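Presented sequentially are two complexes of subunit A, the first with subunit B as partner and the second with subunit C.
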Partner chain A sequence: MRDAAPQLAHGFVLTLQIAFFGVIGALAVGVIGAAMRVSTSRAARVAATAFTEFFRNTPPLVQIYFLAFAIPKIPGIGPHLILPSIVAATLGLVLHQGAINIEILRAGLGAVPAGQREAAQALGLSRIDELRSVLVPQAVRISLPALGNNVISLFKNTTLVASIGVLDIFGEANDIIATILVSAELFLTVGVVYVICVALLGALFRALERKFALAR
Partner chain B sequence: MPMLAMSGVRKAFGTNVVLKDINLAVDPGEVCCIIGPSGSGKSTVLRCINRLVTIDAGDVVIDGLSVIDPAVKDVDLRRRVGMVFQQFNLFPHMTALENVTLAPRKVRGLSADAANALGVTLLEKVGLREKAQSYPAQLSGGQQQRVAIARALAMEPKVMLFDEATSALDPEITGEVLAVMKALASEHTTMICVTHEMGFAREVGTHVVFMDGGLIVEEGPPHAIFDAPQAERTQAFLSKVL
Partner chain C sequence: MMSYLHALPSLAHGLGTTFLVSISAMILAVGIGFVLGIVRSQVPRAIDLPILAVIEFFRGIPLLVLMYFIFFGLPQLGFKTGQNAAAIAALCLYAGALGSEIVRGAIVSISGGQTEAASALGLSRVQILALVVIPQALRRMLPPFVGLFALIVESSSLSSLINVTDLLQTAHQNVERDNDIALPVYLTVLVAYFAVNYPISLVSQRLEKRLA
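On to the complex of A and B.
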């Protein structure tokens, strides 16, 4: 067990990296996609809706497999576009959790009172400024609890990357088990690490909700 | 030339015809008070002026710009028109000063320093300089509405629209908002006020318009409307509210 620690620690660092880039990427996808969903351009709305429906409704594991194993096989583009496993894995998480963020933020935008939009328009703000300065800051505050849940979901889904050979903490644990055959202690250790991390994330989001609470 | 001219304005929401044929002229410096029962189309008249609502027929010309001219941009109209809402609609995530300086920075392109200086001056004008750093939730309804007036004035508009600016307030604090409106009127700000405050309309208004059923039933100077209304519907309405 003691010998396993450095390897698990190495995997844990990778887990944190994937989660970090995954959360940032998924948030960016969410903000851009939600802005497109409420755009005046029909093409933008249709594109964002199609994106949401496709990537939210397919299992993230299938998306990760597709990016890692299917794209290299597509004639014409495949050989030029071989994603390293870790990139394919992170991208898969970004697309799936990003699609969910789009839905969360779209609902948040819908929950901002109509008067806020009228006031922004009456002041002569452009559509971009109306979103950036007035609607999105309020939508994000309204959406914080749901965004927090999605971050936690993404954090736990990072274990999916192990299935395409990326050695995150779960991948490393599997690797160790394959050689020394002690599964219970290792899976328990991995589980406890996740419990602690998710508890910390939960506390972080509760603190954010308190800090940015919107009094009306 | 009038500051605002509405001619033959018609607006329907679905099958509900809210404005049937509105013709109205407001000269610079006038305080036009629109009174009438709920659902008569008063608020829609205001919303047609800054294109929050697009009209179906007729025209609205504000300071020489027509709302039906596709070459006239929304921002060109809205820079000329300040609007104050019944529910204040302050931005809850911004301080009073940030609410007031947002449009000067984003729309008029003022620097942060210039916008802040203007914002402080305007908050001073509505008597709330010391509340510059307060958030809307920390202010009373009357204070919020005064901040909203300062926010609308920050565009240095040619016309101020007030959409039942005191209707959401407790009766004992409507006075502080009406006092600010009165001060604006005394500076010859062109104002169009949809209001249920008959005292304000009579005292401060220079031009009173009675609307019912999507039409202007009667208009004229306050003493004519309040003391000698001609139309039966005006008489019936005033006998209920006065």
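On to the complex of A and C.
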């Protein structure tokens, strides 16, 4: 078990990197998608809704497989779209968790009281200023708990990247088991690492919620 | 193309296994959810804390790690499990932990005035729970439990990684045999999961609006 530690630590660093880029990517998808869902263009609304529903209702593991194994088979352009495993895996997480973020942020925007929008319009704010200064700050506060849960869910889903051969902490564990077979304690160790990380993330988001709570 | 058409019956069979695993896990998760949720809503905080710790553990551990632990790890400790049983066990522990929060939350949201009124009428504690609180709480549990089923169906795809011949594993096997059909096969799998889960999540949203 002690011999396995350096290899697990190495994998853990990769897990953190994938989680970091995954969270940033999913947040970007969420913001852009939610902006499209409330835009005045019908085409943008329909496209964003279709994206949300499709990627939210399909398993992230299947999305990762699709990006890694099916996209390169598209006739003509496919061979140019062969992604490195780690990129395909991270992108799959971004698509799934990003779609959930769109839904969370859209619901957050919808939950801002109508009076706020009316007041912003009465003050003569442009649509952009209304969103930027009035609606988005409140929507983000409302959405914070759900966004936090989604970050945690993405963090746990980083284990899926091992399924296409990326050596994150879980992939490294599998690799060790393939050579020396001590799976029970190894998986328990990896599991405990995740449980601790998830507890820390949970505490971080509860602190953020308290910090940004609206005065009541 | 012929090869893709030949793959379809096996994909349908795989979808059947996906349903079998998901529905079994859902039934067990509802059971676990009700037992733990009801107990947690009734016991003092000192007894609740260790139960909460166990629930947080199963919510925090990634499902795939839990599944691998049960399938590859437990046999070393003397508990042999088949792949379907291991997949169902991991899914129902994870979903049961989430389900217990659904049940506890719904019961707590109903308690209060209802409990006081019922005890003023002379009902015993068990009667209050069984006749007054839980029937009302059921309405609030329904939408999140439907949503939980969609999550189980989605998560059941992980069982392909411990060789359960579910929809995804069947697709994988077909592509191994003929790499040229990867695109239509995986596209079919994506569409199939969507066709199952989209209606479920629509039902969950509708129920939430109607029962709110």
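To be clear about the criterion, the second predicted complex is superposed on the first by the 215 of 216 C-alpha atoms of A that agree within 3 Å, B and C clash if a C-alpha of one lies under 4 Å from a C-alpha of the other, contacts with A are read in each partner's own complex, and residues count from 1 in each chain.
Here is the rule we use: a contact is a pair of C-beta atoms (placed from the backbone, for glycine too) under 8 Å apart; a residue touches a chain by one contact, two chains touch by 3 or more.
None of the values given here were measured: they were computed from a predicted structure.
Engineer: Let me test your reading of the model: by the given contact rule, A:129 touches which partner, first (subunit B), second (subunit C), both or neither?
Structural biologist: In the superposed model, A:129 contacts subunit B only, not subunit C.
Engineer: With both structures fitted on chain A, tell me whether subunit B or subunit C touches more of subunit A's residues.
Structural biologist: With both complexes superposed on chain A, more residues of subunit A are touched by C.
Engineer: Considering only touches as defined above, state whether A:77 meets subunit B (first), subunit C (second), both or neither.
Structural biologist: A:77 contacts neither subunit B nor subunit C.
Engineer: Pick one for A:190: touches subunit B only (first), subunit C only (second), both, or neither.
Structural biologist: It touches subunit C, and subunit B stays clear.
Engineer: Give one of first, second, both or neither to describe whether A:157 is in contact with subunit B, with subunit C, with both, or with none.
Structural biologist: second
Engineer: Using the superposition on chain A described above, determine whether A:116 touches subunit B (first), subunit C (second), both, or neither.
Structural biologist: In the superposition, A:116 contacts subunit B only.
Engineer: Going by the contact rule set out at the top, does A:62 touch subunit B (first), subunit C (second), both, or neither?
Structural biologist: A:62: touches subunit C, not subunit B.
Engineer: Spell out the residues on subunit C that touch subunit A in their complex, using ranges where they run on.
Structural biologist: The touching residues are 56-57, 59-66, 68-69, 72-74, 76-77, 150, 154-155, 157-158, 160-161, 168, 171-172, 175, 179-180, 182-183, 185-187, 189-190, 193-194, 197-198, 201.
Engineer: Given the complex with subunit C, which residues does subunit A contribute to the contact?
Structural biologist: Residue list for subunit A touching subunit C: 53-54, 56-63, 65-66, 69-74, 78, 156-160, 162-163, 170, 174, 177, 182-188, 190-191, 194-195, 198-199.
Engineer: Can you list the subunit B residues touching subunit A in their complex?
Structural biologist: Where subunit B meets subunit A, its residues are 50, 52, 74-75, 78-79, 81-83, 85, 87, 89-93, 102-103, 106-107, 135-138, 151-152, 155.
Engineer: Sort out for me which residues of subunit A touch subunit B in the complex.
Structural biologist: 113, 115-116, 118-126, 129, 133-134, 137-138, 141, 212, 214-216
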